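Multiple structures follow.
You will see two complexes here that share subunit A, one where it goes with subunit B and one where it goes with subunit C.
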Partner chain A sequence: MTLQELEAVAVTARVGLTEEEKEIFPEQISQIISHIRVLDGVDTHGTAPTYYPIKQAAFLREDEVEPSLPKDQALANGPDVVDGYFRVPRIIEEE
Partner chain B sequence: MQLNEMSIHQLRELLRAGEVSSREILEAVFAKIDAVEGEVGAYLTLCYDEAFAQAQRADEMLAAGETSPLCGIPIAVKDNFSTAGVRTTCASRLLENYIPPYDASAVARLKQVGAVLVGKTNLDEFGLGSSTENSQFHCTRNPWDLSRVPGGSSGGSAAAVAAGEAAAALGTDTGGSIRQPAAFCGIVGLKPTYGLVPRYGVVAAADSMDHIGPMTRDVRDAALVLQAIAGWDPKDPTSARRDIPDYEAALTGNIKGLVVGLPQELMGDALDPEVREAVFGAANLLESLGASVEEISLPHVEYAIATFYIIVSAEISSNLARFDGVRYGYRVAEAEDTVSMFIKTREALGQEAKRRILMGTYFLQAGNYETYYLKALKVRTLIKEDFEKAFQRCHVIISPTTPTAAFAFGHKTRTPVTMYQSDIYTCTANLAGIPALTVPCGYTQEGLPIGLQIMGKPFDEPAVLRVGHAYEQHAGLPLRQPQTEVKTNG
Partner chain C sequence: MADWEVVIGLEVHAELLTKSKVFCGCSTEFGAEPNSQVCPICMGLPGTLPLLNKRAVELAVKAGLALQCRINQFSVFARKQYFYPDLVKAYQISQDDLPLCSDGYVELLVDDTVRRIGINRVHLEEEAGKSIHAGEDIMSAAYSLLDYNRAGIGLIEIVTEPDIRSPEEARLFLEKLRQLLQYAEVSDCKMEEGSLRCDANISLRPKGSSAFGVKCEIKNLNSFRAVQRALEFEVERQKALLEAGEAVVPETRHWDEAQGMTFSMRSKAEAADYRYFPDPNLYPLEVEPSWVEAIRAELPELPDARRDRFMEEYGLSMYAAEVLTSSRDLADYFEECMEQIKDPKLVSNWVMGEVQRWLKAHGLEAADSPVSPKDLAGLLQLIQANAISNLVAKDVLEEMFATGKSAQTIVDDKGLRQISDDDSLEAMIAEVLEANPGPVADVKAGKTKAIGFLVGQVMKASKGKANPQRVNELIRQKLQD
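After this line comes the complex of A and B, so read on.
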């Protein structure tokens, strides 16, 4: 993986990288990828994927009213809370 | 023996007889914490005042006839379990000041029966690592040798139990994070079947592999803690809806006629000679107790690390997307728009977390999805089928828990691939979702504990615990305590 490819993936993942990480990650990640390519040699023709190891039938909860988290508690950890909302930088640009 | 060194079942007898109070047990635990925590560093947060209030309540419950074996028992909880009103950091700067408004289901169940929460233990950030060196706050040292790691990611929980800083602990296990630190610290650790213990309120790493389980001084204690936390929870859609057996009743001591599989692929060259000798010794002991040990083959195990790594990274990249600085946790002070706010905020993640997020994002990208992620899910099926086939012949499968005993600080962190490879013995049980227990099975010449892993069929914890208990009762291991001694004050 080149630095350019790494930086593109980092933007997709919304992860900022330090200078040190830009230095060491490309080689480390290339090593990891070359190790996991061992799977290329496994015959998986006709094999179904396993998403969850134990099959569990989906169920619906009983439709019972229960107390929910009070709004002030739900917002208590917010880094920037105004009038009951989480405030973030402007998303829509001005004309 | 000091109160803080006793097993849950020993303490249960003393509490029931009225010979000690929960408060006295807790005082012994905090005396040990005062003496050794500066060196061991097992905890990120101690709950001193809350714990004494809970101990008082437990003493009242016991006086009123509460029969739970966990009532009044001081238990440590890994810091990725949500605890109402108690900081829950996942050892990440992103959650340094996060205070959950609710308890994880497993924590709520412990509290309900009167267990006492001593504190929150250290881990590799978000559970990503095998040495607890990836904690963004401090290192935890192995009580058996302070120059060595306690393992990870539940390293703080393992060290707390080994050092006598709690009677038992809860950990989480995505690829070995309960069993490897338990083995390194000379205690018992159980990863139950996927779905047996509900994960509601535990911060997800890789949700198809994450498990909650007990870390204890012996197998009976593991059965007692499992009993309290197992069972269906409507808040967790992956939680199994089935009757829960009496786990302590499974500890009959009788393993006559059981077939024990020994996979040839897990006894190969990568194994340290002392570990190999200890595991063969354990196999011989099980035979002498009436079990028959048969060599078996798990042909796809050689692909387990690659399979595991791809699936875990993919799931982590998705699960850790929630740490974006919007609704809770750390947010970078200045950002011109939301995208740069996300990117700069998440720059605070540690290197291992970033590496896994980047890899997972890469594996899931259009063009890579089928080559990596879908391929790994298919190989996962083959690994699972290997176990299903083996369990047609065997009641349990044994192996080493780890390729070596505890390693020194800085030893493996510089090469990620080497670190991942040490998960080979444990991560297969996460891929297949089967129960796996580690029990101490000897010491190296340097005096470091070695772990024996016992795996079973889905939901057959009774067999796994029975074999572990029978082994433990007859192994005759010299009773050793870690080197960390209580320093008396004056």
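After this line comes the complex of A and C, so read on.
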């Protein structure tokens, strides 16, 4: 993994990187990837992909309304609450 | 100058008509106080587990069947990951490579030709929350307010093939799609309330070329008209770029309704890579064929079939059958009225004409009409019995819409009953003939056109209550014998 790729992944995942991490991560992550790459050698021809490790179909619930959280509790963790709404900073990037 | 072919594909989201959300029991009712219909699951608090709503699956399957799709027995929920304030968990539970429904189509009548628009897929997912932007719109907002009542409501995403060839066709497709989803009672499809939303991908290519051009995605299309207008604008914008030898930039563009233009929209959240992977909190969805058949049995007669039956059974024209089946409510209204009055021509004329006019004027759907099909039948019976003229009936219907009274009551109260007895009519005719010697002479001289004028005068004198047919006959007898 190159530094460029590392920075791209970090941006996508919204993860901040220190200068030191930028130094050591490309090498470390490359090692992890090459370790996992062993699996590329396995012949999976004719094997259906595994989407879930257990053979079990989704459980379903009936369409019934249950009580929601009291509003004060729902808003309790909001750092910036205005008139019952969560307030967030500007969404669109400045030109 | 090269001739360009327009290539459009749509992504449509429709909210499902379930009482509770798709993965939790919170209510889906529209218009509640902000953040009053939320719980730890739809707010994405750690340690919670989603539990799938059975009815949401049924409605998504119903949509798939109405759109002629294959229903996949095995489908998988996946996490679509991106950062945006309306997405509490920073991922949306959606479906990726194994959707619930695939490979369907919708048929449209465009300029008298049947056009088949392919449906790539219909998948089940969850709604995001609702943002209210401070100021004019998202582009200028200093901050936004978030309400998560909508977060977690069941949603279907319908993706078309790039088969649409004009902005008008895009609008017609959407109207047809809405009609189908409303018939099937999958979604109420109210664009103004956001329960039906549409994004459009559009590109141009030289006519005859099979390769696709560079496409743009258009967002913020809040009405059927906006879809057509935005795409029309985009066709011209892209054409101008291509003809000037410039490239179209692949990007997301925001439709500005007031300015009638699209603008490039760069969002902080815009991530090229959604990093889908199967949601480990949800087992794969298995839909047995027997369940699909039970859901199919729930489907009502769909609009095209109903239109064809109306033509066959009631002898209606294609046009009349189309209008009457445009919504399920209106078609039901017509048929309920037909049960009382077995005169398709009379009923269809009234339902398509005056009834629709007053529904529109009062901003109502046929199902909410203050004049029930039975009430309308009461009015039409009075016309059939020659008790009132067509003209008077129109006024009576207006009064019925305004007051909710029955036709019979209004006619009795206002003394509107048609005058058909010859004695009364002849007295009125005598007066009119005396007052209009000129036209009388004309008729006697063979200018039969003047009869219409004289009939009109009698109608006027009777305040519309005279039976015009009988008046006509009596005048002819008097002047032409």
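One rule holds for everything that comes next: the second predicted complex is superposed on the first by the 90 of 95 C-alpha atoms of A that agree within 3 Å, B and C clash if a C-alpha of one lies under 4 Å from a C-alpha of the other, contacts with A are read in each partner's own complex, and residues count from 1 in each chain.
As a working rule, a contact is a pair of C-beta atoms (placed from the backbone, for glycine too) under 8 Å apart; a residue touches a chain by one contact, two chains touch by 3 or more.
Note that the structure is a prediction, hence the values are computed from the model and not measured.
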Partner chain(s) touched by A:29 [first = subunit B, second = subunit C, both, neither]: first
Touched partner set for A:10, first subunit B, second subunit C, both or neither: first
Touching partner for A:63 - first (subunit B), second (subunit C), both, neither: second
Subunit B versus subunit C as contact partner of A:82, first or second or both or neither: second
First (subunit B), second (subunit C), both or neither touched by A:21: first
Contact breadth on subunit A, by residue count: subunit C or subunit B: B
Which of subunit B and subunit C A:38 touches, first, second, both or neither: first
Doubly contacted subunit A residues - partners subunit C and subunit B: 12, 14, 51-52, 54, 56, 58-59, 61, 69, 74, 86, 88-91
Touching residues on subunit A, where the partner in the complex is subunit C: 12, 14, 51-52, 54, 56-69, 71, 74-75, 82-93, 95
Touch list for subunit B against partner subunit A, complex: 97-99, 101-102, 193-195, 208-209, 234, 237-241, 300, 302-303, 305-307, 309-310, 317, 321, 324-331, 335-347, 349, 351, 354-355, 357-362, 365, 372, 374-382, 384, 416-417, 420, 430-434, 458
Residue ranges of subunit C in contact with subunit A within the complex: 18-20, 24-27, 33-40, 43, 51-57, 76-77, 83-85, 98, 131-133, 138-139, 141-148, 265-269, 271, 273, 275, 278, 280, 282-286
List of subunit A residues in touch with subunit B within their complex: 1, 6, 9-18, 21, 25, 28-29, 31-32, 35-40, 42, 44, 47-54, 56, 58-59, 61, 69, 73-74, 76-80, 86, 88-91
